[in-house]
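Next up: some structures, all given as structure tokens.
Look at the two complexes coming up: chain A is in both, with chain B in one and chain C in the other.
This part shows the complex of A and B:
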């Protein structure tokens, strides 16, 4: 029985790891390796020329930096807003609370593409084009995050809040001493999810920026134009480089994410 | 908590550094015009070279600076153009936008663009320098809507697999049907290791494969959308699709036709297929990718019927002048459009990218002639271009993707499920007429 478990786990690991492995491997391919018959899995000669060519693009590191700023800034702001909003929805009673929540839920049904034009005009009139805040502003309201966090706050036993209140703790202390530590695994996985989605966004950054020094990495990669010339090596090298931040982030957050998943936080 | 506040304020710091500020240009200052494009890789290099040669010569003289901005893939450029022009503030509009045929319908059904014909008339310039086919490809209701810039046609690519057998590239699809069995290679297990030809014809190929029949034929009414928005397809009533599919089925029966719609260039380079159809604009890339693995050959696109003489249509893209109600800006745009299509600029563009020169005079230049003597493959598309009827033009249709998919899925199904030609043509007519009808409601 145990051997079965191992086989299945190994199989899943292979399925997940193969694309990453192949990307890294292909980043070392020569031009001929891509069209060799039978298809190659490892390079025919070890060379870093693809990395050199990807990095030799003047703005590559700038694009990477912009994407990282966008991911960090967007994630921080989105999580702060979600956290406070969900606390309000879970703990406070105010007029129109249910209606507000319903409206929030309703926004989930609008595909973001249909809002593109109007969002662009709004951001244009706010003079936030070619600006980091402009890049993240449409992603700051994370409704699904608010829903998850609200559910989590509701699942915290009422007695815990009451005890804290009796000891004289206000909302600030409750959040700081109780909710933040309790929800940190959940926050970590939400942060990772946000960071990746900001880092990977393409159309919005494209629409909202004109200046080459404000472009993000996903636009930068299409700009390299290697794929049109069947010259996939530098493309894979560029992709390998942008995988690094995600992998580092995951390594750091791994334990908390596993905790969040095993404790069933995400499904409460 | 303090730490968090410090972290947030550090994060906000960059805004102060990148606050947007646009300066108004004074009458005396040099004028800057922006050009939105989707040219990446080699094309982007060629674009930069073109604008730097303009900015240091004509631009310097006349106080014009051109700035090229990459705005993603061709469709992304259109999406962004539509977003920007939804606002009345023209300061955010580009001055020039480069689009392919998929953007033409949006151009003619809006007021975003000033027609190139109007500019030429206003500035008393002659457009007769334009190569006839490239000019006709951008005509709408007999007016030139944009400046032809990166022109291409469809081309037949083949490898020396042909020479081993002393074959010449097929001039008609019947010849291809005859030679296909000779080109196929099958291994001991019965798997095909090399096909004779790979393709599923969709909008791009069909424009030429149907268009060249009966002198000139169209896919839709309104001359493929160049005389107004298409209302229905005409490929059934003119019989061209039936002619093509009847022979396509025969080709499939030889076992030499691979039903593939993507990755064909790579499989050609790897020697898994002996021939395919692709744009002339891929020629530079394919020459580089093939390297010295085998000898590359190119030939005009094959005909469907023995007596077809229409030829092929011009694809690629054009430069459009965005309407801004600023006469100084407009004059500068016109200056650059003339420069970009001058015989010298088009020669450089051709050599670097493989796109066909849109200026007739380029073909007469000594530099051009010596270039094609050294690179004889480039002469084939040029000859094909001049031999084609200019009235064969690309389709300007709404719901482009759905129509493309309708062609592809129906033709594929016809071969794999052995559906009759008539049923396939009827199915495509019904589907595509439906899309056109929905658009016109």
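This part shows the complex of A and C:
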């Protein structure tokens, strides 16, 4: 019974992992390997020429750089904005507090893809097309992050705030000395989630950039132009260059990442 | 908590500004512009009343894209839930082997969105793809209605696999061990264990996964954009993809706005119904 279960699980894992395995393997293929009969699973000769060709593509590294800038900039801004907003909700009593919260909560009901057209026009009028700020601007409002951070700040004992206030600490000091250190595990996992979602975003960057040197990797990788000439090797190499570091990271930091993604997973 | 006049508003200003500029303003603008004819730079030209809606409904593309989307969701949501449930039940018990399996099931997350679409596009390529040539099949995966939908379905199952798997696995592992022990002592077999004990206990996570599956499949755009390019004959042109084509390919801004207005109305109705349902349920309890 136990052996039976292991066999099924192994088969299942192999099926799920096949696309990843094939990508890595095909990144070493020669042109002939792709058309060989019977179909090849491993390369006929070991060569890194595909990697060389992917890396020497005029824009590949630029696309990658753009995506990294987008992920870092977007995550930093989104977290800062969410942090300030949730601090306001957790620490102050003010007129219209519930209304403000409802206004933010209400944005969750409308799928962002359907706002594409009008947001495109807005960003066009702000002259932010083909611009890093334009790339991230519609993703900066992280309502689910605000909800989670607010809950966290509310769980911090009031006496901690009071002691700090009596000692004359302003908001800046309270945030810097108390809240940032306390919430750093939560912030790290929120940062991971939003970095992934910025890195993976496709539709908005597609609409908002038309200069080739401002394309992000998600769009650029579909436009490398290798597959048009049935030259798939460099394309798989280009995918593998992103995939390999990610796999290494996932294998080594599996526990941390799983914890970060499950503990406070809310869709953004 | 202390009372200060202006500070909290300052802290909230960026978030509120973003909400108004990038959610509520476009929302209202969409409703308004769905009744206008619109110039190429987005300026409202003249009031046309329901003409945009009429021309939208006069062609059957809209109805077809809704049908395509619903058909996909009907297959995707149950299959997604069952495969994830199966995978996480297999890995549930912690052991040396399960760590290896876990990493395996979790790795699909490492392949980013458009990379996965491109890889599947090659795997399912009818003439060169490994799936046809290794299995000695001759199936037209991309250019036939059934083939395109099946390859799309498999791609989307793969894309959602990693995250759903770790969510469900951690839910299964957080089940109170004593409950399981008690059931074992009472002689529960595997089947009753899963159906009567485990599933009810992980119901919140399970319904979250189902909800996200419904949402994702109704809003699906990027996979058909890259994998099948909506083809063959718009058989995989989903609702949002149709909207994208209308607005950004054929510049029919007015009709695009009309589709969005309909989607918004749908969202508002669903959330109102959900709230009404929820309050009634709570009233029953209290």
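Just so it is clear, the second predicted complex is superposed on the first by the 190 of 268 C-alpha atoms of A that agree within 3 Å, B and C clash if a C-alpha of one lies under 4 Å from a C-alpha of the other, contacts with A are read in each partner's own complex, and residues count from 1 in each chain.
The rule is short, and it goes like this: a contact is a pair of C-beta atoms (placed from the backbone, for glycine too) under 8 Å apart; a residue touches a chain by one contact, two chains touch by 3 or more.
Quick caveat, the model's predicted, so the values are computed rather than measured.
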item	value
Touching partner for A:253 - first (chain B), second (chain C), both, neither	neither
Partner chain in contact with A:20 - chain B first, chain C second, else both or neither	second
Partner chain in contact with A:176 - chain B first, chain C second, else both or neither	first
Chain B versus chain C as contact partner of A:35, first or second or both or neither	both
Partner chain in contact with A:222 - chain B first, chain C second, else both or neither	both
Which superposed partner A:241 touches (first chain B, second chain C, both, neither)	neither
Partner chain(s) touched by A:85 [first = chain B, second = chain C, both, neither]	second
First (chain B), second (chain C), both or neither touched by A:103	second
Partner chain in contact with A:214 - chain B first, chain C second, else both or neither	first
Which partner, chain B or chain C, touches more chain A residues	C
Intersection of chain A interface sets (partners chain B, chain C)	34-35, 37, 116-117, 121, 124, 202-203, 207, 219, 222, 230
Chain B residues within the chain A interface of the complex	1, 7-8, 11, 14-15, 18-20, 34, 39-44, 69-73, 76, 79-80, 82-84, 86-87, 89, 92, 265-267, 269-272, 285-286, 288-289, 291, 293
Chain A residues touching chain C - in the complex, by the definition given at the top	5-6, 8-10, 12-13, 16-17, 19-20, 22-23, 26, 34-35, 37-39, 41, 81-82, 84-85, 87-89, 91-94, 97, 100, 103-104, 106-107, 109-111, 113-119, 121-122, 124, 137-138, 140-141, 146, 158, 165, 171, 199-200, 202-203, 207, 217-219, 221-222, 227, 230, 232, 235-236, 239, 242-243, 246-247, 250-251, 254, 258, 261-262, 265, 267
Of all residues in chain A, those that touch chain B in their complex	31-32, 34-37, 69, 72-73, 76, 116-117, 120-121, 124, 127-133, 176, 202-203, 206-207, 210, 212, 214, 219, 222-226, 228-231
Interfacial residue positions of chain C with respect to chain A in the complex	1-5, 7-9, 11-12, 14-16, 18-27, 29-30, 33, 41-42, 86-87, 90-91, 97, 100-120, 122-123, 128, 130, 133-134, 158, 161, 163, 166-167, 170, 212, 215, 219, 221-222, 226, 240, 243-244, 247-248, 253, 256-257, 259-260, 263-264, 267-268, 271
